[in-house]
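These notes open a run of structures that come right after.
Shared chain: chain A. Partners: chain B in the first complex, chain C in the second.
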Partner chain A sequence: MAGAVEVQHTALTLTDHLPVLQVAIPFLAAPLIVLVGNRTFAWVLSFVASALALVISFLLLMAVYDGGYISYALGGWEPPWGIEYRVDAANALILFLISAIGTVVLPFAYPSVKAELKTTSHTLFYACYMLCFTGLLGVVVTGDAFNVFVFLEISSLSTYVLIAVGAERDKRALTAAYDYLIMGTIGATFFVIGIGFLYIATGTLNMADMSDRIADQGSNRAVRAGFAFIIVGMGLKVAMYPLHLWLPKAYTFAPSAVTIFLSATATKAAIYVLLRFMFTVYKPEFVFETNTSLLVFMPLAVIAMFSASFVAAFQVNFKRMLAYSSVAQVGYMLLGIALLNQTGLTATMVHMFNHGITKALLFMGAGAMFYYTGSAFYDKLGGLGRKMPITGACILIGGLSLIGVPGTAGFVSKWILVQAAFENGWWPVAIAIVLSSLLAVVYVWRAVEVLYLTPPAKNSTAKEAPLMMLIPMIILAGSCVYFGIFTDLPLGASETAANVLMNGTNGELLR
Partner chain B sequence: MLDFIAGHANYWLFIVLMMTGLYIVVAKGNLVKKIVGLNIFQTAVFMLYISSAKVAGGTAPIFPTDSKGYIKTDGIDQIIYSNPLPHVLILTAIVVGVATTALGLALTVRIREEFGTIEEENLVEIEQSLTRADNKAHGEAMGGMA
Partner chain C sequence: MIDTFSAIYLSMLLPLLAMVGNLIFADRANLRDGFTFACAVATFGAVLIVLANEGSAITQEVSLVEVFPGVDIAFNVEPLGLMFALIASGLWILTHIYGIGYMRGNNEDHHARFFAYFCIAISSVMGIAFASNMFTLFLFYEILTISTYPLVAHKGNKDSVDGARVYLGILIGTSIALQLTAIIWTYALTGTLDFTEGGIMEGKVAGWLAPILLALYAFGIGKAALMPFHKWLPAAMVAPTPVSALLHAVAVVKAGVFTMLKVGVYIFGIDYLAQTGASEWLMWLAAYSIIAASVIAMMQQNLKRRLAYSTVSQLSYITLGMALATSMGALGGGMHIAMHAMGKITLFMCAGAIYVKYHKTEIYQLKGLGRAMPITFAAFFVGSLSIIGLPPLGGSWSKFLLMMGAADTGHVVIIGVLMLSSLLNVAYLLPIVARAFFLPATGDTPTSYNEAPLFCWLPPAITAVGCIILFFYAGYIQEFLMPMVGG
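Right, the complex of A and B next:
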């Protein structure tokens, strides 16, 4: 044999390192920004880092679009001993959403942050933004349960700071950040208790390995208690209905750019973790899991859809209205999980993507108007739709997508959700989806009425938003319409993702 | 029964500490006390992890310097270690806890500067009056719909 040894090329190429670069690039950008210390360079650096992350996530998504998964052993330590980054269709889509929103928000953030924050805090703002971005990407990309907690805390801690800097406009941002810190830490600690129980029961931290061992040994009390802790802990982060109290305050008082970014990404990353634990680590065949979805998720989701929409309809603040609407929309995503069928999971995945771009677009509209009026209260926004025609049109498109009008992205996800409900024969749920969408018509109409049918204030100096704000809005409005008509990218990836999650078939190892 | 209670002593202590911490977070109105409660709550979790790492008769998982890179495994000289992994995990969790505490206290200082109080009931009162003023000012302009 000695003579026939063939020297194999074992060095890794750049493509092999994509999963770790996805997290490492924004992570390294954060301290670099602090070192550079110049606010224009800080912006350029964060934009370059997030654009690179976007390219990487697109490459990853294309690689796993048709199924299969990529496993990356961090530092060369093979899983299940080392930390594994594992990319399949389910997290590649969320990675793409987070990095796309992170990139699109930055041009908007430049003028918005300039107007809302004092100049000394700009550099640190971008550093925190990059850390939050890193944390969210890390939560989604990692295949190691404890690593999820670490990245979750990186994103949460930077989020508290990002919300608190809104105190320069309204001091209530501080208490909003404090409340979120208390609730978020309780949530994260519950999550880590759950991981602890799982570790004690299985002796592993790698999610795929954990899943095999739980499947082998069946359920026991430690495994079930771990499940409960993980669901409640993540429920706080998701803003699942009775645990949503931090969200409206935080989104209302945070700086516009932060609200846009968080509304589109933070809750989505948490829902992804919920999906990963419910369907990959625990298998949906477990009775306690079926009961949880049927008796906990379903009623809470339906209550959220109605009560949060109802509260949204009575708000006098545009940002707060959108925040409550977010709680309601999270309800649709949880409903997709509660249906426990493949179509329902597809709906959850698509809705995460579609609602991400829709809500980012609407909060951008609110931010652009805040830029001129310094207020998001409806009585200050009267007639601005006519003074800022492009911004107004973008808000209109976002509003239609939020309701779920055919031809917009929001329609696609609600349509699939209704189909999933019929698949289970749960027609009252399907009716609830339609009825709660009617409530969305009410609160969106109120915004439209203010923006178009109220005469503008006489001394209003508002004019069309600056180009740096318009371009991101037009991109997002365009994608709301585009993904409403050409549904291939989110829907195809979501179907693969739902298949991976529901059937537990990972497909082949791609690299 | 007694065996069951004594055999799970670490878990009972974990539950007591955890509930104490959680109770303080929920029941105390002082923002600093809430953070202290949060710390106790997190410490309980550290204990859960660390105590689960103990192997009966095991020593600290430190590689002996006199072994010259290998350990004799001929029955008697074998060394039993406690599981080092939970210790490493909790080192990370302690760092996270310290960062959370620091940030929470920093926020408390800022809240004291802006609101002049760190008692929750006073803060809620101030916030409610601010919200009421907002709703009145902006709601009436909307035709009193709020």
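Right, the complex of A and C next:
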């Protein structure tokens, strides 16, 4: 039997290597960009690499859409000894989200980066961007606990740099990057300590293997301590309330293109890791986890939904408002986890996807306006919706999706989440969800009034954004509406993913 | 012949085509408005085709796309919805003519934008009318809210921005916080959202939960303007009058009470409501709303605000009809949608005509104006009588049916409420007419014939005649609506 598997691997069909190519292509692009050192080439190569990653992730998603998983042994070293890349519906959807956003941001980034950064740093910017992209993909694709940490660090370190380059326009980006550096490092440290505990208890780093061995451990304290460390560590990266303080600053002061990319992907990758550890490595039956969900996740999620939305309603800076809204939206995702039922997990998965495209769209709108005004403060954005009609319309669609108006992507996830709450009989939570979305109406409509009903600033030179910016925005706005009506792709994959996570049934090994 | 479902899709797509036309021909006023007119006529034609094909039958649903498992965007034909579609698309033609006269006569800005949003609103009304499940209805309900927001904020001054904020705040707020909760809860309990004869709740929803769910629906359907969520309607009066006339006397508010009837008849089921007594409280609240809004209307000096509060009161008639939980009440409520639409649009178009010609908005300014605008005020008089419910005008029949429904259930007090309300209607509507015809003109009011532009007085004159015609065809409407209650 072993022989047969060996033959397949040596046969070297390209599809067999998709899981590793997913990470390897952008990873190799990064040093190549630095070596060649040409601005235009850097952009072209980034775009090609991320487009290839998008194609790969789509193929992977289609392969595991109906269930089952793909296991890839890195370097031919069989798991659990070697590093295993393991793709199932849960991470394939997130891989698809990350690579789709990574690709669609790049055309936008071209004019935006030109306007916001000095020319000498463009090449390095794209190299960093590719590293960050690689890191996030790696975190999601790998089935090895320590490998998660390695990729997490790759993405985090490059993120610190990407945020810090915002200092060319606003020096506060430096403190924002520094804050995130400290918080992110604490988070990563906690996470690696947690993995250390698990390694002590189980003697393995392969997540599937770890899972089997934890089941035999009973209520081992090392296993519990490991769980706590991992949750807190990832909680920091997720921006789980009240560990979210780094996020608003980082999103506000980073260059527009960076904010767009991070807002749609970084927290999502972290939530995925949380899901993987809570539902695959540990099982939902693990009593400690049930209590954590009920007594920690649920209240914190509800507080985040209200308090962060409330704070968002008082912001006078468009980007900062969106950042606080992200903290609130993370609350919805955590609430889906806290419900500990399959519908709840479906809601979390589908909301990661839907919120990803929605928030990317809104930050793009902010970036397009920043392109002309050099500011995201409301008093500078007055009347821009009329001067930039397409950008304005895109922001409006994104805003409606953020509120969760029917016919948009945001509605789908909210519907599933409320339904999951009713399934558990938690009707006060269901009511909390809809009430908190009223706050979203407030903060979105404040922006809409600024964009459409305030008179434009005198001598404003703003006009419609360049085509390179408009096309990504139109694609994302179209997706917000498309996935609000044709829910097959995200919802179907999310349902499969929730089934995999909740019941621990991986299904058959596909290849 | 075009088949039924093509006609339904046409009725939704033609207004959108008109919207596109408005954007393309934005600067060519006559072409633009003519094109919209043609689309309006065609939309009405499409709805007539549906009528010719299906009559008052309830058809199977046809699904466009499945959004969630068991929840589709789907349409069907059903008498109440068909009647609503006929009213909205028919009156759109008249309102469009009126709107041209009003917007030009009044030198308003941004005509193309105005008519474009108007078209989206009409399209979503068609979606509401033909929706075959609660999800589809809710989808178009929200599109209607959002597309009418820019119409309310049209003038862009502080008053209209504030008014629009109240408008959107209440309508979006109630629908997202209450109605959506109710819909998902219903889905979680029954596993379906399809409009079904006899309702879907029987045997699946405990009796004690029914009043709570009904409350979530009744307050969540903010467009029905049930007190205390009625403030958006007077706030919306800052909009140009064509909006007040078609949308805030017909399309938007009727979409609200239409949803209310649909929920009562096809989600809860009249028998289920009667068995559980779930709607008893709603009946009393609607009765209170009828009287209270009429009293507030009497105290309004601004003509459009008085008419708005009158609408709040009249809408509660329809909610009351559903809450009575008898087939007679539901029929009366359904018929009142048509009767009130015809009467109230007349009144609003008259108010707008007065504003276009003489820029008068307050009731005390109307002294003696009847001699200058005899047609407008005659139409206003006929519309008033229909709202009051006097024969030979349409409004008398729906009130009659509602009273029959109240008598069926033995609620004598409700009969009293309906009669008192008619008296209050007399008290706040007829003095306006009397003031215009019998008091001497003062100030700059002309004493000789000097009517509003043709496009402004002709449409209300036509709808006033419509009020009279409806009186003689009420029997047909009742028969037409019968399948709704299984008769």
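The rule we apply is simple: the second predicted complex is superposed on the first by the 501 of 511 C-alpha atoms of A that agree within 3 Å, B and C clash if a C-alpha of one lies under 4 Å from a C-alpha of the other, contacts with A are read in each partner's own complex, and residues count from 1 in each chain.
The rule we apply is simple: contacts are C-beta pairs under 8 Å (C-beta built on N, C-alpha and C of every residue); 3 or more make two chains touch, one makes a residue touch a chain.
All values derive from a computational prediction rather than experimental measurement.
Enquirer: Once the structures are superposed on A, label A:G404 by its partner contacts, choosing first (chain B), second (chain C), both or neither.
Expert: Only chain C is touched by A:G404; chain B is not.
Enquirer: By the touch definition at the top of the document, which applies to A:W77: first (chain B), second (chain C), both, or neither?
Expert: neither
Enquirer: Between chain B (first) and chain C (second), which, if any, makes contact with A:V434: first, second, both or neither?
Expert: second
Enquirer: In the superposed arrangement, which partner chain does A:T487 touch: chain B (first), chain C (second), both, or neither?
Expert: Once the two structures are laid over each other on A, A:T487 reaches chain C alone.
Enquirer: Looking at A:I200, would you say it contacts chain B, chain C, both, or neither? Reply first, second, both or neither.
Expert: Touch status of A:I200: first partner only.
Enquirer: State whether A:A177 touches chain B only (first), chain C only (second), both chains, or neither.
Expert: After superposition on chain A, A:A177 lies in contact with chain B alone.
Enquirer: Which residues would you name on chain A as touching chain B in one complex and chain C in the other?
Expert: Common to the two interfaces on chain A: nothing.
Enquirer: Considering the complex alone, what residue numbers of chain A touch chain B?
Expert: So the residues of chain A in touch with chain B come to 146, 149-150, 153, 157, 160-161, 164, 167, 171-172, 174-175, 177-178, 181-182, 185-186, 189, 192-193, 196, 199-200, 205, 314-317, 377-380, 450.
Enquirer: Which bits of chain B are touching chain A when the two form their complex?
Expert: 18, 22, 25, 31, 34, 38, 41-42, 45, 48-49, 52, 85-86, 89, 92-93, 96, 99-100, 103-104, 107-108, 110-111, 114-115, 123, 127, 130, 134-135, 137-139, 141-142, 145-146
Enquirer: In the complex formed with chain C, which residues of chain A make contact?
Expert: Chain A residues touching chain C: 400, 403-407, 412, 415-416, 418-419, 422-423, 427, 430-431, 434-435, 437-438, 441, 445, 449, 452-453, 485-487, 491.
Enquirer: Given the complex with chain A, which residues does chain C contribute to the contact?
Expert: Interface residues on chain C, with respect to chain A: 65, 67-68, 73, 135, 138-139, 142-143, 146, 150, 153, 156, 161, 165, 168-169, 172-173, 176-178, 180-181, 184-185, 187-188.
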